[in-house]
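Here come two complexes built around chain A, the first alongside chain B, the second alongside chain C.
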Partner chain A sequence: MGYFESPEKFEEVIVGFFNAMATSEMAPKLLKSGLVIRFNYTDPDLVVVVDCSGDQIDVRPHDTESKSQVEMSMSADVAHKFWFGKVNLTKALTRKEMVAKGPIPKVLKLLPAIKPAYAMYPQYLDSNGYEQYNILKSA
Partner chain B sequence: MGGYAGTILYVDLGSKRITRQTLDIGFAREHMGGMGFGAKIYFDLIKDNPQVDPLSPENPFVLMTGPLTGVKMDGVARWSVGSRSPLTGFWGDSNGGGFFGARLKFAGYDGIVITGKADAPVFIHIENDDVEIRDAASYWGLDTYDTNDRMIADFKPAGKRGGQVLCIGPAGEQKIRYAALLNNKRHAAGRAGLGAVWGAKNLKAIYVNGNKPIVVAEPEKLKELKQELKGVYEESIFIDALRASGTPAHIDVGVLAGDVPMKNWQMSQWDDIDDIGPAAIEEKIHAGHKTCYGCSVACKKDAEVKTGPYKMARGPAPEYETVATFGSMCLNSDIESIARANEICNRAGMDTITCGSTIAFAIDCFENGLINESDTDGIQLTWGNAEAIVAMTEKIARNEGFGALLAKGSAQAAAKIGGNSGDLLSTVKGMEAPMHDPRSAHGYALAYGVSPRGACHEASLNFNVESGAMLIPEIDALYADYEEQSSDGRAGLNMASQDYGMFFSNCAIFCNLGATPLNATQAVSMVNYVTGFDYTLEEVMDIGRRLWYLKRGLTNLFGARSADDQLPKRLLAELDDGPTEGSVPDMERMLREFYALRGIDEDGIPGKDILEKIGLSDLAARLHR
Partner chain C sequence: MIPEFFEFFNPTKVIYEAGVVKDLKPELDVIGITRYFVISDRAIHGLGLVKKVTDGLESAGIEITGMYLEVTQDAVLENVKLCAEAIKASGAEGIVAVGGGSVIDTAKAANILFSEGGDLVEDYSGANMLTRPLKPFIAIPTTAGTGSEVTKVAVIYDTENKEKLAFPDKYLLPNLAVLDPELALSLPPQLTAATGMDALTHAIEAYVGIEASPISDAFAVGAIELIMKNLVAATEHGDDIEARGAMLIAATMAGISFSHSMCGCVHGMAHATGAHFRVPHGVANGILLPYGMEYNFEEIKEKLARLAPAMGVETAGLTEDESAKKAIDAVKELIDSLNRLGALPKRLRDAGVPEDGLEIIAEGAVNDGTSFYNPREVDAEEILPYIQKAY
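Presenting the complex of A and B:
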């Protein structure tokens, strides 16, 4: 059993979080990348496109049509743990728990931009009625 | 026998006698190459009188290539050096990349054993079969960049390719305890201060040129393997990152895990870290890509600072370790000043890890009131003071004033400074720890503790495996998915990392960066296809294990005991925030488990039985008189 009891709940949480990031202090740096990133999640399955190519970040769940420069594939549980800073990124990539396709140097440049997200994610969960998914509290 | 050049050169600088020893196929098979050869030869030379002063003529120096060096494959250009370390007093070895190792093989030599001391400065001139000890008076005093350029200009045959130079700079000449050896201005055997051994021997450089081919035993199989590896490398994000940003790519990833030490190991988060990260490097100092012989990874970078106080011409850029020691460790967010400090170290020929860490230690002492401006020649050694950091680097390179104290390394400086300065050290066995925080991965703590040469992340493959960059499916302990920030299973992980690591990066001398994507099957196959041997994984693990015990035994012969395996307080202090908040390696437990697995007694000495069982009876007899 994964962290999320249903595909709908996972979508609600992760898409809500991306939208929160889109209006946070991180947005200018993400927009500077100009990247269109497709997240391919499994268990449960979900595709989310995060489009940083315009003036504002556009988060589009179920968008399987848009062209993306970067594709990140991982399970929903790995994604969830990642936003807590609980995934060893190097190990996850080596073991193919996360698979990244596209211009890797550009992807790596996003890492400094998303650092504040690690502190933001548990706060986001707590303040939006998703406390039960906060693994820091249950630990 | 493929791969090998077939001859080991013996040069005695005292008698000026040069001899050649044909490489015995049985010896090659048993020890493979690199420090497999070097540590064995060194031990045989000193075993009856091991108390050699590191800076005396009696301390031999070994320089070895591996069976793959000079073969056109990714990540195999390396050569290694070994001797008793002037920094630690224990066994010291180091390896470097570049072009020197390949050219030495092309000249016909697998390695050089250097003994004695010359009456006056000399260099060794090698042109295929012609080997001479020559007067180095005109090069003595030159920095490594000028020595390199001048020697190549002086000896390059008209219309033909010039040779390769391995040299020391003024730091080695002055026997600074962390002097390095540099090839081509950037490829350093930096750790353990072996450049000072050359300085003490009055040996400035080795110039080598040669054009003999290296025979590959099974070229078609090697070609197939190369094709297979092409796909592996194309898929590797680790290699992609190295190609794009070199080793500083680690800053962005490492900081997420709390791996990047800050403020002399007191922090793991810092608002200014991105100012010295890969993006800042690319924007402010990046000037091009460089590589080693035969390697397509090209992880070496050039830097240039066009204007300002740290102006420097295009040249070698700082590696990750240098960015961290002179940057985050000192809370210095000025990447141009870091590039300049790197240039000072390279030109003088100094290890940037020890130099930068020693300056961070001195800043810590200054900020804690243990030293003041009257001690530091008027320099305000405060956190983040880029100007002061560069100025002190220059003073160290000149072995001048307070810099002369820091030129002895932080452990000896602490002994002089006194007070509680010892609590601010990052050393194990007298060597400053590299820029990977054991609180982020507990196995690093054990790796630093039991490394024969002192705190080091390259003395085994523990760092590569525990960080997640390397995956060896054929060896259970190197494939297991260890719990993060836990000390569970780290003794076994370290032992396997040492045995495999001694084979991988000490004997075959694969590059710990450029050869990271290889699994064990591919690595062993490459050695077999080049040499024509039929090593199994079990056999190369045995070779690696024996070398680990030999290096451990040498360090024991030089006086190390279990107390020398302990970590300094700074690396085990609990941090109250950041990615490693509350994480402290259980060093006592890991050491206890490791000693039991390795058959090491409570004094830190490997047992007689285990040494005899693995073919080190000579060592056993000397450690257990």
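Presenting the complex of A and C:
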């Protein structure tokens, strides 16, 4: 059994978090990248496009049509742990728990920009009624 | 400290001997194919180094099906495509690359298209996109710097979109790396110093980086010891075969190390310095290395103190801080020695960087992917004073 009991709940949590990031201090750096990133999640399945190519970050769940420069594929559980800063990227990439398709230097450039998200995610969960998903509390 | 997780994977066979390219038959027999395509550049060909290799291959019964000699200073996408087409058309079964990092990276990327077909950017951009081993590939470095003969990455410049593409994949690792110091004898002092400082930066950043493991550390320390003892000699006396050999081995060991534990803020600053002010990568690394070590000092001093003896520092009676500082001093002294030989600038200003460009370098270091692997968070305001010191 994964962290999320239903696809709907996972979508609610992760899309809500992306939207919170889109209006956070991280937004200018993400917009500077100009990247369109498609997240392909499994167990439960969900596709989310995070589009940083415009003036504002556009988060589009279920968008399977838009062309993206970067595709990140992983399970919903790996994604959840990632936003706590609990995923060893080297391990995840070498063991293919996470697959990154696209220009790797551009992806690496994003990593410093999203570091504040690791602190933001548990706060976001707690303040939006998703305390049960905060693995730092249940640990 | 033992990391929670690390992976070590280095299937490349490495052989070393002065003049070994004349006799590769035992290694070629193991690989088992007889038709190779050779990749190099015009300068290396002009020095007669390609002929040394092809003579050796032919004497071992190998057929050279063709050559691609148009590799430029950077490995570029259009050359990779042309090179792959030439390999396919020649009927080769495998590839031999003779040259520096750009030649070897071109060969790695061309091997993807030669072995698997498709479009390099559309089909293979990403991490670990390959699913099976490629065609046999032999790397013969003629410089002692990049370590590309043992790294799993090909860095290719897309001139049309003006961006560097990286292809990290274990299947890019060559079957065989041939270290023959006779091929490095003609490297001029400036290139010897710059490529040597590139290798030293690989080793030191790999050693203090957050992805370091006891295995990558062992390779890093070995490389650092060899470089500290031999880089000046190889630069001053280009015909010193022992020093040349030591530097080739060191660059390979540093390559194995940083291919596993990555680089940090020195590379981040050097990438920005190269991109904005056209300072050669090894020169930028050489100038910035001690200042990057100082920036990271609090986070890395314990490891630097342990490293100091390998850098020739006598640490008896010294505190951890003192030993660590002396390790940085040892790097500065090495740079001074190379500078006195006229082989390496000591300051960014001497390499053509304008004073109003320092903030751009600081911003570039923050936004560079290597900052993710740096032991201390890379902050533009905090790193700027160190870049100013390097100026």
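In this text, the second predicted complex is superposed on the first by the 139 of 139 C-alpha atoms of A that agree within 3 Å, B and C clash if a C-alpha of one lies under 4 Å from a C-alpha of the other, contacts with A are read in each partner's own complex, and residues count from 1 in each chain.
By definition in this document, contacts are C-beta pairs under 8 Å (C-beta built on N, C-alpha and C of every residue); 3 or more make two chains touch, one makes a residue touch a chain.
Note that this is a predicted model, so its numbers are computed, not measured.
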| So, on chain A, is it clash or fit between chain B and chain C? | clash
| message | Looking at A:111, would you say it contacts chain B, chain C, both, or neither? Reply first, second, both or neither. | response | both
| message | I'd like to know which partner A:86 touches here: chain B for first, chain C for second, both or neither. | response | first
| request: Mind working out whether A:102 is in touch with chain B, chain C, both or neither, as first, second, both or neither? | output: second
| message | Just checking: does A:60 make contact with chain B only, chain C only, both, or neither of them? Give me first, second, both or neither. | response | neither
| request: Using the superposition on A, tell me which residues of chain A are in contact with chain B and, in the other complex, with chain C. | output: 88, 90-91, 93-94, 100, 104-105, 108-109, 111-112, 115
| request: Sort out for me which residues of chain A touch chain B in the complex. | output: 85-86, 88-95, 100, 104-105, 108-109, 111-112, 115, 118
| field | chain B to chain A touching residues, read off their complex | value | 237-238, 240-241, 244-245, 249, 252-253, 255-257, 273-274, 277-279, 467-471, 481, 484, 579
| field | chain A residues touching chain C - in the complex, by the definition given at the top | value | 29, 71, 88, 90-91, 93-94, 96, 99-109, 111-113, 115
| request: Going by the contact rule at the top, pick out the chain C residues touching chain A in the complex. | output: 4-7, 125-129, 163-168, 211, 366-372, 377-378
